[in-house]
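Residue numbering begins at 1 within each chain, and the chains themselves are lettered A, B, C and D in the order written.
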């Protein structure tokens, strides 16, 4: 339990000359999955599920990426069908989350495993802002064991 | 008549430091709308509607962009809701199309108008490949007057 | 006279699966040439040559792109050597410039011609800000006939 | 010893709406530093220093990224001056390298530490291709202790 699956569209421009999604573009796919899961749609929007973070220019807090790790397990070819990003939380800290991912090709093969440490910060000062009890409660259903890497 | 509307997801990384979708990223949104409209899903895929072009690495023909023109009418802010790309064909040549677009913000405001001349070429030689009668018939329903620019 | 030549590095990620610089990425190369030519290095930086525009987050004015036109004349392959962007001003308006470009492959072949209308705006209000007499004087040496397109 | 420093140009489009180089774009900067260090300029090019890998479409072997880890230590703002990527090899395997990096802002502050496992593969089969004794010798001067992460 804990995982949510987010469909994310690849783009033709994500490919490089090897004909596969470029290694850096893969992190952009993860970013979109993260935003779809955690960000409220707009600063004053209703919050549903785990959508308890905000990040847009108008918001009081930002979400920064502190660390990322990714294993590329199979090349990802272009498809008009979205990849499926399985996303869950491997750890909840005071003001940070370890977000874990498995990326599935449209055919269902795991092509990448990754984890991002993200931190909720004050938009002005850049200082960490602790999650409220309410936010923790909203995030808890996504908790699961951290992703296991092959290394 | 003639127009189709293609929803295209923005990405957080499309924004630049002005907080709006970057001018070059807008062309990537158009590219995705074009692919969704014209490309068969896979080289041997069934062709429906205007999906008569192919472009993937495995295909016999490629689709090249020969010329583009774009007017940015309003800044486009990030939203988890897709932009709506109104897309139609302004002109069908022997081996080329003038693809026209109007990009609508999620709130429905026109934020860009554009046109791309694309050419169907042989994947090996790079030479133009004429549309077949069948392809012209499939493309015809998307024909409309070319986009009118403000300039 | 009038033209300046700006070397701009391609990136491997600019290529798409056709093995050439993607059509949208080409606009990013132009953007870098524009910034190198017109932006002061920092908000309080000394202004030399045509470096009379500013654009960074800390600056009072922004530079927006209002319109672009580009012709792709030859595919651009990856090279560790930079492209050469010939850049000049085709027209100076009250608060706007028509910036013209010819992009040369590292081997010296013209692979694209383009023009961008850019507007100097107030960072806060977004309203056009007229060039001062001093700025016009600094820009004048880059004036030449507007680029001629093939269309 | 072991380290080389590669200047890499940021781009305005690397920034996201927070006004800093986006987390995924940082990997693209690393990719350019890697290419500048390891790739021969062209398939038949003379090989100097550590330029013993090839990767272009015309080459027999490709360089794939198998795994990456990155820590973002400070936000990176836009500058027309390049970042300095300190690059070295933390480990040489049979057909793989652990490439280590420290990214310095133009002002000299370390803003990221990273490591990429890259694999030399046959362009056709995708199978690993062992480094020759000659290649190992060319790579050896870049060997140093693997990067130490904070985590």
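Please note the rule applied: contacts are C-beta pairs under 8 Å (C-beta built on N, C-alpha and C of every residue); 3 or more make two chains touch, one makes a residue touch a chain.
Keep in mind that what you see is a predicted model, and the values were worked out from it rather than measured.
Look at the CA centroids: the one farthest from the centroid of subunit B belongs to D.
Looking at which of A-D and A-B shares more C-beta pairs in contact, the answer is the pair A-D.
Per-chain Cα centroids separate subunit A from subunit D by 24 Å.
As a whole-number value, the distance joining the C-alpha centres of subunit B and subunit D reads 35 Å. Centroids built from CA atoms put subunit B at 29 Å from subunit A. For subunit B, residues touching at least two other chains, in rising order: 12-13, 17, 19, 22, 24-25, 28, 31, 56-57, 78.
By the touch rule above, subunit A contacts subunit D in their complex via residues 17-18, 22-28, 31, 56-57, 62, 64-72, 75, 117, 126, 149, 151. Of all residues in subunit C, only 12-13, 15-17, 19, 22, 24-25, 78 touch subunit A in the complex they form.
Chain contact summary for the complex, subunit C toward subunit D: residues 9, 11-13, 19, 28, 31-32, 35-36, 39, 41-42, 55-57, 77-81.
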